[in-house]
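Following this line, the structures themselves.
Two complexes are shown next, each including subunit A; its partner changes from subunit B in the first to subunit C in the second.
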Partner chain A sequence: MDASRDKTGLPPASGGAGRAPARRRLGLLDSSRGLGVLLLLPALVLVILFFLMPVVLTGVFAFTNMSTATGISGGAHQVSPGSLRVLTERYGMGELAERLGQPTYLVDERGLAALEETGIAPGIVASLRRGHLDESFASRREFERAIRALPDRPDTRTVKRISDAFSRSLANARFTDAGALVAAAEAIDPDLTPEEKDALASATYTGWSWTTDNFRRLTSSRDTTRVFFNTLFFVAMTLVFFNIGYAMFLAIATHYMPERPAGIFRIVWFLPRISPVVIYVLLWKWVAWDTGFLNAVLSDFGVRPRNWMLDSATQAWFFVIMINGFVGASMGMLIFASAIKAIPETHFHAASVDGAYRWQQVRHIILPQLKWPILFVTCYQTLSLLTSIEQTLLATDGGPGGATEVWSLWIYHTALNNYAGNLQYGYGAAMALVLVVIGIVLSLIYLRLFNYNALITRPRIEL
Partner chain B sequence: MNGHQKSWPIILVITILSAPLVLAYAYLFVDTITNSPPGSVVPHEFTLEHWSFLWQTRPGRLSIWRVTLNSLLFATTSAALVVVVSSMAGYVLSRLNVPGRSFFLAGVMLLHAFPAITLIVAIFIVLQMVGLYNSLIGVILVKAAIDMPLGIWLMKGFYDTVPWEIEMAGIQDGASRFTVWRKLVLPQVRPGIFALALFAFLLAWGEFILPQVLAPSGNAQVLSVYLASLIADDNNFDMALFKSVGLFYIAPVLVLFFVFQNYLMNIYGGGTKG
Partner chain C sequence: MRILLDKFSKAFGAVSVIEDMTLEIGDGEMLALLGPSGCGKSTTLFAICGIHKVSGGRILFGDRDVTSLPPQERNVGVVFQSYALYPHMTVRENIAFPLRIAGKSSVEVARQVDEMAQLVHIEPLLDRRPAELSGGQQQRVALARALVRRPHVLLLDEPLANLDAKLRLEMRSEIRRIQLETGITAVLVTHDQVEAMSMCDRIAIMDAGRIVQIATPTEMYNDPHTAFVAGFLGNPPIAFLRGVVSGDAIVVPQSDVRLPKPNGARNLAEGTRVSVGIRPENFGPAGDVPVRGRISFVETQGRENLYDLMLADGSVLRSIQPVRSDIAVGDEVEWSVASDRIFMFDDKGERI
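Showing the complex of A and B:
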């Protein structure tokens, strides 16, 4: 095999890097199946890591209350005023909460030993042991007064160190696990019941937990309805007026033009698509801004300067739909134009002989031929508009007052970036799950409709 | 085509409709090198002050060159990943007899249609968990993975146009399937590989939302995020500066597009997101 390969008269390899592994894994690389699996592997890994896993995890996260506050890894146990309130209200253990919330100072052997280690004068430790062993104090002031009364008269810094060493308060203490928390609580109150321990552990937990609240919230929230209809309105308007309507106009108009101007206009209408989105939206902002183009032109006619993009909800929608539509129009334009080009010339000639007007040509010859391209563009753009986020985010950011907030932007504002700073990952994941499911269903329909299986040709070399 | 003599009304209408767009792009150039009196759009003096961002770094911001380097790194690496993975997988789907081939092909189509941006919440959390948040590596991997289905689909199309006879001849001469792919088929699809590389580069160069969410701050900032944060900063509103940075950022895109238009139009026509 190796020897015969040299006689094949192959063109010289550009890199030659593949030769060594080729010799080593000849068996694998020689069969269609082995090589196929090997070449598919990197793509499979990427698909599993960045498509399959995130789909599953979106579903998993949707059932948690993860947020900035809970963190994304496991949490800790913190005895805060908030968690003590939970203990009182949810578990009816107000008495326990009060006991844990109170600062306590207990002079015990453990504290004395710790104090000795900090290198404090042995006389102080001895007199503390003598005078106050096993005594407890309910407040810092009370305890520090007792320390000051010691024969050694410690200075203020030392007093603070001593009182810290005997502090047995749980208030604002943080524990990495429930065991440490319970142990610390038992040091204060040795007769905790198992129920009290469980309640304490769950009330002080700062991490995330499993919940179905996200979906309850999503179905009952008034925002859901508003954002849902916003999204519907946005997709329908952009699709009908620009991605299909205006795209069709551009395709037909350039069809009835000499080659040169047609090419120029196609490139002009392609600019929004090839421009990085940040610059593209910046140009729109320049048009609409208080001191922008529109105002400079209109001020000559005595129109009050304003931010045209954010002045009212209607204007905001107008701009959002145009900004998205201009980008989408180019795709339809290309697809429709190539479909029109595929119509045999003779159809048009026959129509001309019959004396058909241009409008009749469009209606009876061009439009019937565009049925499938229109369906294709509709399916494709519905999905991409449903999930479109960049243009709207950069243009209005959902404003004014949430008027142009669409579903995908809502996810962004909930889970990824907001002014309040509390990102609700779990709730956002639940919202995203809705889009993920819609996305999967629509792309399955799309696959069915355009029957991509028909495009597969059987391999002709069976090795 | 018929009826050329009567095409001027259409040209007139489409010219009027295109004028705002052309004007906006024209002013992207004009405003970066001129000043206009307030309330007017007619420039009255020539200046280079708006380009001072090239040699002056603003306090609290990365140098423009560092950001540009990040963008270049991001775009080239993710394009390279897309090309390598797609040219391997595309060949399998076009030619090789692997179990479940039609399933894979349908899967690629499904992934291509599926809006991957909906997964960003999960990806965001996972990147934070594994410590790739705010790093270029994380965004590069995600971007490459998202563009990959399109890449595989395009490469499959390019491989489909290569005549079977070439491979038949290679195999009859005793070459392994791997050698046939590497030395006979790959050179045939070189224009396709080039087009895909260019396309993936432009996609990543213009990408905004992924770096904005997955690597918004720190040393991983790319040009799109840098420009967006300049614009979002209400305290330093300077449209001419935004446009200058914008022109600096869009220039490579325009150059590549106009030079390699013919390569790119085919891909855009094949259906990309937008």
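Showing the complex of A and C:
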């Protein structure tokens, strides 16, 4: 009933006319391509904001000298002892620096007006204007002698107040732009050459500027070599002994175990991965520190209590590698275990009747068929270890004495946290950029090595 | 080498699969373990090669008790249903594997691998990987690997199940040829009675963990001890009629079929229920006991036709005859049973 009324109630002509503009309004969204873009938009925005932008910004910051001192917005011009030193040393304009550094007193209308406002005797102001307007003095003593010589003979306190009002020294003065700075400098020294003006402007600039110095510094620093080899050592050791070696041991051991204990075992070794990093590392610290578990046990045997984690560089490495290793081993274990599970059971039966004992089965049947999983875990874990920071930061914080400082931690210490208080964003970004480049290059190599398409096709085990 | 299973039992947890099974396989003999899925034939095979530990009884190779030996020390060759070729090794490496594990010198290994390759005719394939071989070729490689160590016994677990019909025929005779050429004692596990009958010296037919009958294929075909054996052997399969003893005849109720009592049935009381097995080749135009019925199905097999004949009581008899075109579905015919070739079983399935 309803349906038929709908049909008859709507004239075909008006129906068609009503539909046509609606379709036109939808426009782009009518095609799957337009709608696809729209639906993808939130994801795209997130990807750009949180994945692409950090990398791009790292690249940008790497070519600046940003730090706490420069700030990340624009700066001002300030004639500080530091900037005068720069003027002398970098530009060889010692004479100019000396002139600008000296206090200067200039009697001008601005000063007189300010003086009037402080409620000083009008007679003094008038006689100053009369006798010394537009006159400048190179030192305070000279200017104060002239003030004392005024007819009013002001007392010493008044003399100080007057001289302060006319102090026109550039030292510690701040200018929002180079023009104001140059104008002020010209007030002191009207004969500045254009070179001197440029040098002055750049030497006194307090903000950040574009530079490639970060990379020059990175290649020449001795820290770079040390941290680089630290990182190499850390990645290699953790990878070989834990992420591959120990993971493989666990996978094979659980393969030959009955189902139930093997499952429990795997879960136990998965705990470091799923427990909060801070708690996990704190437990390690509690084991190692001087009133901790290790010492509680060892003190019974007459061993001197010490912080085992930070006692020596070797011990620090030992702990750092273990802490990172046990977290990483679980992933390898899962991947290897499932790869071993994918080997048909009859292969092990066949190997057994062919005379192969367990270790020969491991050597001849399991390991050769785990070539790809091993390569995959190696590649994946290299990248993740290169950028791994939280466990090491919490455990040793790069100590003792920078012995366990790895690249990612070094970035953090440089850019985000250091004792001097001057956080060098630019330099840190340059370090991070190096890491990003290494990561991208390694990823490309790995993808090629793997022939990524071959990885996602089904294994070619035919029955 | 003689193989003896002496009161062998196998249980998985609380589930007993095989109990007190005794089986002797003569030296150089090829024996088939034939039975339906789940009858325990593969379990027996895995117990012989040591993959399964036995729950009771002994296994002897020759006079040596191998019951507690691990598979590595039993020196058995096994061909698995899936062949279980190692996918990462070439054919050559696959065949050489048992020798390499045994620590043979590379010269010795190479010599024996070549010898085996010659025996199973795969010389040109030695450098391929298993994935690059056809099913039949994989089968040959698996055989070569199983035989290369000169094992005491060759065990074949459904070796032909994964092959297509033509290859199956070819490999059937190949395996038999190789077994005869090497003179090895062999056990073939299969659910296919044709395979068992065509390849083996003797058949041990198994049902629910027991050996029901051991005999040569001919003996077993002509003298089945139980209805199960009779039903398992023969293609097309035997047909059964439900009958009742009545006087000196067996009568199929609600039909006019009267079969003479065979010798073994002489003592049966009046009214005893029996079942009568009639093979398709023993029912046709020639015979002595007439049976009337309607053709319900005709299956052309090329050289012969298979006819299903529905009797008045609804039971079906099969007849296999040279191709003839004068009979179609729905025709009423009267054919005869060769009464001297029928098998009679009691209601427990035991032969009378």
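In this section, the second predicted complex is superposed on the first by the 364 of 463 C-alpha atoms of A that agree within 3 Å, B and C clash if a C-alpha of one lies under 4 Å from a C-alpha of the other, contacts with A are read in each partner's own complex, and residues count from 1 in each chain.
We adopt the following convention: a contact is a pair of C-beta atoms (placed from the backbone, for glycine too) under 8 Å apart; a residue touches a chain by one contact, two chains touch by 3 or more.
Nothing here was measured: the structure is a model prediction, and the numbers come from that model.
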{"item": "Partner chain in contact with A:H364 - subunit B first, subunit C second, else both or neither", "value": "second"}
{"item": "Contacts of A:V240 with subunit B and subunit C, given as first, second, both or neither", "value": "neither"}
{"item": "A:L232 touches, of subunit B and subunit C: first, second, both or neither?", "value": "neither"}
{"item": "Subunit B versus subunit C as contact partner of A:H349, first or second or both or neither", "value": "both"}
{"item": "Comparison of subunit B and subunit C by subunit A residues contacted", "value": "B"}
{"item": "Which superposed partner A:V37 touches (first subunit B, second subunit C, both, neither)", "value": "first"}
{"item": "Contact residues common to both interfaces of subunit A (with subunit B and with subunit C)", "value": "349, 352, 460-463"}
{"item": "Residues on subunit C engaged by subunit A in the complex (per definition of touch)", "value": "46, 49-51, 70-72, 74-78, 80-84, 86-89, 97-98, 101-102, 130-131, 145, 149, 162"}
{"item": "Subunit B-touching residues of subunit A, taken from the complex the two chains share", "value": "1, 4-5, 7-11, 13-14, 18, 22, 26, 29-33, 35-37, 39-40, 42-43, 46-47, 49-51, 53-55, 57-58, 61, 66, 72-73, 250, 253-258, 261, 265, 267-279, 282-287, 289, 291-293, 295-297, 299, 326-328, 330-331, 334-335, 338, 348-349, 352, 358, 376, 379-381, 383-384, 386-387, 389-390, 393-394, 408, 411-412, 415-417, 425, 428-429, 432, 435-436, 439-440, 442-444, 446-447, 452-453, 455-457, 459-463"}
{"item": "Complex contacts: residues of subunit A adjacent to subunit C", "value": "344, 346-347, 349-357, 360, 364-365, 368-369, 371, 460-463"}
{"item": "List of subunit B residues in touch with subunit A within their complex", "value": "1-4, 7, 10-11, 13-14, 18, 20-25, 27-28, 31, 38-41, 84-86, 88-89, 91-92, 95-99, 101-102, 104-107, 109-111, 113-126, 128-129, 141-142, 144-146, 148, 152, 160, 164, 167-168, 170-171, 173-179, 181-184, 187, 202, 205-206, 208-209, 212-213, 223-224, 227-228, 231, 239, 242-243, 246, 249-250, 253-254, 257, 261, 264-265, 268-269, 271-274"}
